[in-house]
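Below: a set of structures, written as structure tokens.
Two complexes are shown next, each including chain A; its partner changes from chain B in the first to chain C in the second.
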Partner chain A sequence: MSVKKLSAKAFNKWVDVCVQEHCVYGVQAKNDRFAFGPLARGVDLRLDYDVTILPPKKYLQPPSEALLKFNKEAEYESITEVEPFVIFGIHPYDIVAISQMDKVFSADNGDIHYMKRREQATLVAVDVQNASDNVFAGSMGTAVVDEGFDILLTRLKDSYLIDIRTEKGEALMKHTKKAEDATEADLKLRQQVQEDNKALLNKHELLTAPQELPALLNQSLDHPVWKEKAELCYSCGSCNLVCPTCYCFDVEDDVDWSLDEGVRRRKWDGCMLAEFAAVAGGHNFRRHREDRYRHRYYRKGRYIHERYGDIACVGCGRCITACTANIANPVEIYNRLREDH
Partner chain B sequence: MSKPKVAFFDFACCEGCQLQVYNLEEDILNLLELVEPVEWREAMSDKAEKYDIAFIEGSITRPGDEESLKDIRERSTMLIALGACATIGGVNKLKNNFDLAEVKQCVYSESAGMGHLETSATKSVGEVVKVDYHIHGCPIDKQEFAYIVRCLALGKTPVIPNHPVCVECKMKENICRFEYGEICLGPVTRAGCGAKCPSNGMWCFGCRGYVDNPNVNAAREVMDQYGKTIADLQGKLKLFGSKQEATDEMA
Partner chain C sequence: MKEPHVCESKSDIYLPEPATVLQVKPMTRLETYFKFKLNSGKPLGHRPGQFVQVSLPGIGEAPISISSSPTRGASFDMVVRNVGNVSGAMHKLRSVDRVGIRGPFGTEFPVDEMKGKDVLLICGGIGLVPVRSVIQYILDNREDYGRIMILIGTKTSADRLFIEEIKEWRRVKNITLLETVDHRDENWSGIEGVITMLLPLVKVNPSETVAVVCGPPIMYKFVIVQLQKMKVPDAEIYVSLERHMKCGVGKCGHCQINQFYVCQEGPVFKFSDISDIEEAIE
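Up next is the complex of A and B:
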């Protein structure tokens, strides 16, 4: 569509109008870290953040979500009412993750709960201004994006470039009259920012090209690293829960006091948790920590690729930070597998 | 279908978990639509011979209590341990880290020899009788209690989490206490509390007891990475984790 430019001051005013006109979630400080939350004022928006504790996935697949109401006559009604909302300040690697989730949740019969939320969401991406300690998006090819968003923001010296790609993006731009067209020189500066980011967002360097990971894993089923690392694994699921491409959930029913009516909910689940692969009758397909630990890497590097053609790791590095035992670094594991082959 | 007859009993505890049941407030009327209390010392003076469900609060700390508990078990179809003292022995198990005579002397001084102060090593309810369900926590979560009662009234098995508190902590987007240089028991403690303590600026105290298969070795190993010692960890584990099954060596 078009690339516009707003001065830093006009940008803040634009965000102020956006939050008055729409339900906006934006990145804000949470103690010394950052998190997406309901945004009240432009001045609270921290587009200079390094990484958020949880990815913006929480607005598309909430940690706990009511799916349907049922009654004892076995009648049910799906719950899908969602108001339109805007997520402000999504880093490129998280945009790539959302594009993957779109594939997963629209496959086969499609997931109406996710799709409804996705339909109502306007995604405002932003090029990264500060690299987090554990990011390796540069290695995964996700440090910059050219699709999957409604608007892409890029900070230049005293201004923001605003790359508008969709009608949803155009709708947000109606809230400012100050936008000028970006010049050739501006676009060159943006290109420089994006080129720099490919190098800067690479705190851990993956020695294998991402598309080679399925083949590498294919040869590594019996590698000693699985057992060695799993001995330190708490099976706490932290690596799963902070991951922008983990989408597994568990379903639970609860009835009200009448015992006649109830609500079915889904909650985030994780393949590292002890009972994740337990089925009716009590059998657990991955009873041992080691099996679960290995499964996560295979899921990210091979299984999703087989099914959807994507490597299900976008290099955000959240799992590395979240793991108390310090055993969840995918780059460390994949590099070690490569060294031994 | 007649309502299940329920009874509440308390052994060594603060009775705070029963208080959580009264704290259901208007929902207590809904509870009474589902069950019929027939014995509940804190709330009524009636007594009964048989119970469909007996809720047991408190830990077992006297030889006579063991007999009373066994008697209740015999007269109950289902028995449920209510709260940390009952499910894991709770803070009362701190006592088991010391010589019993020394403990009595410290607490009761010159009265320590009096007959009614007779005491034995603290046991959880499950160490004395068969327990059908555990309602964890110090205190219990009243909503979890309500959920479990509704499940039982429906004849359905309640889902009691067997994963660590970290799961709920991550869902709340808390910053990990380890990042603040604190030892948190979340990675080995059973979830279900909604990560209340970490969400309110404290580490997890472990009041819901360990998950079924806690990785205590990992807990040991990671202390080094955070500049802590095993003794630091043991200090944290003692409050609720003293002499728990499978992990005795830690506390």
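Up next is the complex of A and C:
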């Protein structure tokens, strides 16, 4: 594939055509913050955003997703129709998170509901232009990416570099005739942007290499930090909801007014919520906040790693921002464990 | 560029297949026995100790242990305690009603590795429900196994399950079957006390014995300590653990015990595999 270049003006026109030709979700301003939403006009796209409130995960694993139709005769049928769509403006750390989700949902018992959506999605990534207050992607090795997307955009002074990696990416590029080949000088500029981002996207500095986290956690089961932080936890699950690598779900039946048929849905769930590990009959296997709080960090830093080989934290910093009790900074926790180790 | 991971499976892991209720029989105040058959006529294909997800349209889905041995034909049994949405609604099922079934899921009691050995089965309360699948399997292959010791504990005599079947089990050669109730009443003249009281009453040859433990969460640590005192090796103790298994296929995250998913690496665990896992045994 190839790296192309579009002037800022031609870029906006290209996005306008993309929006007319495809179902496009893009980053837009939402009051004083940013969010992915249906994109109507190229001019609304805000690729200079710092971080979105929710990660783009919401289009691949929707908050409420129909899995099956059923009727009262207990006949069940899969729902898998998904129209093609484009997500415009995904930061590198969120691309890494999506690659992790791909692994989870394709491994072992493959999940056709996730994979259908994933197949229909075109991912347009963008190198970060403004660092958010709590990002630490630099520490997690996720400030830049070289795979997992269909197109990667990089803002240069008056233009965008467009790195096209797949046929889906090529298909989008058919909507402009203004693209030129990127020059050696352009690629050097891009490299500089990416090198700078590794340093800039590091508002909290993790003092240990991410791959050391499983071993560090392994030795920190009884560390006082779990209880100390958990005592302030509201068990609200906000850290779960905004996390790009949280994918746990609950399943519910929604019955139609007719009472003859209905839809089985999966809905986002969170391991910090009090009832997450409760079973019928009332026994709760993680009834203390401390158990749930520690579980979340162990799942991110150790359990997922053992199962899939990934550290399930990409350094987006959304949990830090979302936590009303100010106890959800993973870097603070991990540095503390390291200090006391 | 790596293409996104390809999902090998073309079938839907969440899609239940239709099954029909063949028989319903109340067992206690809270527990009811059900016999099911897949509408396809095919056997479920389960192994002793595995579970299925039972779907009731509009109510939802719940993980339920299979209580019968695969040696007993194409139908399969469950005994359900009326404690949740699905289990509650199941108590309104009548024969010929239809449900959805996914599975079987999870690990099995190691009925092959047990061959040639004595088997000690320790069942608290509805822990007898999944263990019954092993007992039936052993009885149907009786010559493959050594001595069978079945220890059963319930809260009261009114909570006893499979009363008629237990009478038959007692009659089988080389079976020791002991029952206790936590609280004796006018309907019980047998042993009174918690299930650990039964262990000293059986003669166990620790080097020749495989132990199976299934019961309420509180029971495990007390039983296991006693088995260890009796010198049964941790690698010969199997436990079946309960957790909230929402999806049954290792995705939803609810049944996690540290790095394990109970629906995948369990529900039957070799105790030596989980003895240093802090969330496993309460």
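Methods note: the second predicted complex is superposed on the first by the 339 of 341 C-alpha atoms of A that agree within 3 Å, B and C clash if a C-alpha of one lies under 4 Å from a C-alpha of the other, contacts with A are read in each partner's own complex, and residues count from 1 in each chain.
By our rule, a residue touches a chain if its C-beta (ideal position, glycine included) is under 8 Å from a C-beta of that chain, and two chains touch if they have at least 3 such contacts.
Predicted model only: the values in this text are computed from it and were never measured.
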Overlay on chain A: chain C relative to chain B, clash or fit: fit
Partner chain in contact with A:289 - chain B first, chain C second, else both or neither: first
Touching partner for A:259 - first (chain B), second (chain C), both, neither: both
Chain A-centred angle between chain C and chain B, computed on Cα centres after superposition, in steps of 10 °: 70
Partner chain(s) touched by A:232 [first = chain B, second = chain C, both, neither]: first
Touched partner set for A:34, first chain B, second chain C, both or neither: neither
Partner chain(s) touched by A:297 [first = chain B, second = chain C, both, neither]: neither
Of chain B and chain C, the chain that contacts the larger number of chain A residues: C
Touched partner set for A:78, first chain B, second chain C, both or neither: second
Superposition-derived minimum Cα distance between chain C and chain B (Å): 5
Where chain A meets both chain C and chain B, residue numbers: 252, 255, 259
Of chain C, residues touching chain A in the complex: 1-16, 18, 55-62, 81, 83-87, 98-100, 216-217, 242-244, 246-247, 249-254, 256-259, 264, 278-279, 282
Partner chain B, residues of chain A touching it in the complex: 30-33, 35, 53-54, 58, 63-64, 231-238, 241-242, 252, 254-257, 259, 267-268, 270, 273-275, 289, 322, 324-326
Touching residues on chain A, where the partner in the complex is chain C: 1, 67-68, 70-78, 80, 99, 102-115, 118-119, 147-148, 165-166, 221, 247-253, 255, 259, 262, 264, 266, 269, 271, 276-283, 285-286, 291, 295, 298-299, 302-303, 306-307
Residues of chain B defined as touching chain A within the complex: 27, 30-31, 33-34, 147, 150, 153-154, 159, 162-164, 166-167, 170-171, 173-176, 178, 186-188, 211-213, 215, 217-219, 221-222, 225
